[in-house]
Amino acid sequence: MKKVRRQRKVENPLHAPHEKWQTALTCIEPNKILMRGYPLDEIMGRLTFGEAIYLLLQGEVPSPGIGRLMEAILVSFIDHGVTPPSTLAARNVATTGAPLKDSVAAGVLAFGPHHGGDIETCMRFLDSGLSLIRSGQSLQQAAETLVEECIKTNEVPPGFGHRIHSKDPRAARLFQMALELELEGEHVRLLRVIEQVIGSKSAIFGRPLPVNVDGAIAAVTADLGFAYELGNAVFLISRLPGLIAHAHEERMRQPGMRQIDPKDHDYDGARERRLPERRK
Amino acid sequence: MKKVRRQRKVENPLHAPHEKWQTALTCIEPNKILMRGYPLDEIMGRLTFGEAIYLLLQGEVPSPGIGRLMEAILVSFIDHGVTPPSTLAARNVATTGAPLKDSVAAGVLAFGPHHGGDIETCMRFLDSGLSLIRSGQSLQQAAETLVEECIKTNEVPPGFGHRIHSKDPRAARLFQMALELELEGEHVRLLRVIEQVIGSKSAIFGRPLPVNVDGAIAAVTADLGFAYELGNAVFLISRLPGLIAHAHEERMRQPGMRQIDPKDHDYDGARERRLPERRK
Amino acid sequence: MKKVRRQRKVENPLHAPHEKWQTALTCIEPNKILMRGYPLDEIMGRLTFGEAIYLLLQGEVPSPGIGRLMEAILVSFIDHGVTPPSTLAARNVATTGAPLKDSVAAGVLAFGPHHGGDIETCMRFLDSGLSLIRSGQSLQQAAETLVEECIKTNEVPPGFGHRIHSKDPRAARLFQMALELELEGEHVRLLRVIEQVIGSKSAIFGRPLPVNVDGAIAAVTADLGFAYELGNAVFLISRLPGLIAHAHEERMRQPGMRQIDPKDHDYDGARERRLPERRK
Amino acid sequence: MKKVRRQRKVENPLHAPHEKWQTALTCIEPNKILMRGYPLDEIMGRLTFGEAIYLLLQGEVPSPGIGRLMEAILVSFIDHGVTPPSTLAARNVATTGAPLKDSVAAGVLAFGPHHGGDIETCMRFLDSGLSLIRSGQSLQQAAETLVEECIKTNEVPPGFGHRIHSKDPRAARLFQMALELELEGEHVRLLRVIEQVIGSKSAIFGRPLPVNVDGAIAAVTADLGFAYELGNAVFLISRLPGLIAHAHEERMRQPGMRQIDPKDHDYDGARERRLPERRK
């Protein structure tokens, strides 16, 4: 239901007094583009794409450490094979001969609450735990309270459990980097204690519920101060190249109008390999 | 019209023999994610997001120079203020209270032929010029042939002209970087000669037609060996953060259900500033 | 947060036992299409589109009266000029030269909570009032309770208020038809009492809040037994032709890449006219 | 490539002279909505949804015969089970818990060239045949010329062939109705002669290529004078309820985040049945 106050503002838009609306993102003048105040052509070659994304969304150039963590977050979710519903939505559009951007848009729409859209839920879940801590509970107590609540309402804690991975390598790496870069904050710490509490109650949940990459991104972006909605956004930005790669592969390698069965596929790409020494 | 051969393949999909289909992008096993053969958690922290995008789309880790150029391409188109139709589509969805991803999808759909979708056209245009060169024409002759053709058919050469900029600072910076990184190739060289030829015929076109950022991205990505369709894709990836930032700003700063007039806005963000010395 | 039970079902989808999933909508066999059991070619010419929509969504052929009401609901929301955000999103996509279906998809995405998406909210609002009646309150008492609740939480009651119309002619006509066809039910009756209660408290709300077409569609479809989600769906079906007409008009009558100001337009179509006698 | 003339119009939109733009669809005034000149509340209950769609898209109230044909066209494509890519795109979005409208938008995006998007191609194909007839060829000669052309370029004639049906019952019914309502025109006549020519050359095509529902809708809407783009639009309007029904069924009957295999399903809905006598 809508707020009365908000509604009053738009009461009569057809005859609204002629006043300008404001934007703080990018200033455009002939031959000049200032993104958050910085000339875009000066940023090109000096900030990475990940740093520029942080600048655009958060308003300031990140420190080198935050920049490195931002890159890792963006890389962590770049692709996850052919079975996610977002990838299948994109491929089902691609098989009809539709333009690439249509596949991409359909894939974006599939980031519903059960698929990536959970990041915001997990950020709120952690913040409710931090409120308990501010009210006097210990980290351990807050984690137990949160998990008990989920058990009572018969819910999987947001940010936990994965269809395929019992230990998500992306989550582990994000936590390691946050620690090494001295960017681990209270959201990550709480998430990790919650993971232990869940582990001690796996009999109740009936299956292992490891922290997943959604949970890790939620905790790390929350520690970096992102708004809830922008936690989900980081996720979207990260996966876009994956949606594109799958739509493109569908168009290049498969006949049109095929029936796409997500289970009946084989991987025929590059074998497992290591980065060259200079990149380590 | 559809190819007979392609159609034959899908003749009876409901009773197709049970054979697996192939993907070469990412191999998923329990607790292991190999993107183009590399463990994703090993790449995190070692490749930037821009390098990982190149790896996913092109199949190999880029050289450091290509990596830097890739970052600059991705930064170049990250945002262009409130007036592009893609931004306005995203904001018009955001004003209805729809989730962020819906705004993003609507914005993506607005990259039609006149708005970014032109990159593929420009890549093909340049390739038709390179064919002339392979057939014996000089760079100058090929450029003149292409421009003459446009004049005959009353068309603006793809990759030229801008609503606001008479000299697009993003295009200039991309060309400078390609040159410095020794990645300037035949597509960029041809584009720049075409720009001179157009400049010498500005009386015929009736207005200045400087090379624009679409043209620059088209030439640089073509020189890097991207498929036509993926030239457009790079563009999409680059602008996604901009769509997100505008949808978020719309939701945070404006009343719902407002009438969005693209002309009546003011910029109230950060003043023009320079990167700190360490980043130059 | 996700239910544990639901999650258990999908625990290991990559190795799920091979069991078929069910659909009850349309049975396809070679040269035979049974929609809800009826051969589609037999329905063609015998059911109207509105009746076929009811059959598909609700499972049975509607009575003649319900069929007529269904047609009126679908006609009521078919278009509302150039200013709704859904129309503007569609036009902003169309101006980039994107295909018609892309404009349509962007328009559909703009049916957020403040724009049509409210129908479900209104259906739930009315059902909470009917629960009060089941618990012993009179129609008048239930209406007063609901309105008092909105005043306390500073919210506009869902289904009330309009940017332009102080008395929405579409809502009035829907109520009249429901009455004449003897299809007025408890949702419509409650909505109309709520309207009177709101009217008696207009000083508190600070502006007139007439029932709007969203509210009328919500009440009428609820009386017809539609699920909440399908109330919104009826709305979408109704407006699709409007989105198409505007995207088509944008492409046919306007230059590409224009800046669309929703306030600066004139109507130059047919003058006000009446249906021929035979259609009355 | 863009036309020079069109571009000139938008040369400097930020400083465009303040002139109004025009729309001819719907005139909105307080408490008054005129769609193509008719008060919308007067049309409600007097025109069917199909007739109102025709009025909105074509500008005039259809004759009773055209109205009946319009209804049949819209019913013909309302649903085709779970296997079309548009349905699968919608279901893959629905399985993530995304709102209904997001599923619908993804489904709409899947009407690419190989899936419904062919209607425009077929309309143009028939019109090229009618040009041959205007130039002196007989109906038979024009049909043979068109089919020979497809054979030479190794293409399936647009509007012919179906994955499942060897004789599409929807196409047959549309042709029968057009004949009975005396609305069969030159597009339908040409399409039917083309069908015979193709039948006589089935050895060359290697499989039967019956006229499909896309071809039938293309021919019938072309005879009714629809613009190419609006032929595709009629198709979209027709299938929208099907997309909605499948997205809703997915959400109601299936677990979230499931892997949707298009081949492994069963139909468990109503058995084959006939309309009651009064509706025949």
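Which chain is which? They are A, B, C and D, in the order written, and residues in each are numbered from 1.
Assume contacts are C-beta pairs under 8 Å (C-beta built on N, C-alpha and C of every residue); 3 or more make two chains touch, one makes a residue touch a chain.
Treat the numbers as computed from the prediction; the structure is a model and nothing was measured.
Asker: On the document's contact criterion, could you list the chains that touch chain A and likewise touch chain C?
Answerer: Per touch definition, common to chain A and chain C: B, D.
Asker: Sort out for me whether B-C or C-D is joined by the greater number of C-beta contact pairs.
Answerer: Spelling it out, more C-beta pairs touch across C-D than across the other pair.
Asker: Could you grab the centroid distance between chain C and chain D? Build each centroid from C-alpha atoms only and quote it in angstrom.
Answerer: Chain C and chain D have C-alpha centres separated by 23 Å.
Asker: Nearest whole angstrom, what separates the Cα centre of chain B from the Cα centre of chain C?
Answerer: Computed from C-alpha means, the inter-chain centre distance equals 38 Å.
Asker: Of all the residues in chain C, which ones touch at least 2 other chains?
Answerer: Each of 2, 10, 13-14, 83, 99, 101-102, 105-106, 109, 111, 114, 117, 163-164, 256-257, 259-261, 263-264 in chain C touches at least two other chains.
Asker: With touch defined as at the start, can you tell me which chain B residues reach chain C in the complex?
Answerer: 83, 85-86, 88-89, 92-93, 95-99, 102-103, 105-106, 109-115, 117, 163, 256-257, 259-264
Asker: Can you list the chain C residues touching chain D in their complex?
Answerer: For chain C paired with chain D, touching residues are 2, 6, 9-10, 13-14, 16, 18-50, 52-53, 56-57, 59, 61, 68, 71-72, 74-76, 78-83, 99-102, 104-106, 108-109, 111, 117, 164-170, 172-174, 177, 227, 229-230, 232-233, 236-238, 240-242, 244-246, 248-249, 251, 253-261, 264-276, 279-280.
Asker: Which stretch or stretches of chain A touch chain C in the complex?
Answerer: Listed in rising order, the residues are 1-5, 7-8, 10-14, 83, 99, 101-102, 105, 109, 114, 118, 121, 125, 150, 153-158, 161, 163-164, 205-207, 263.
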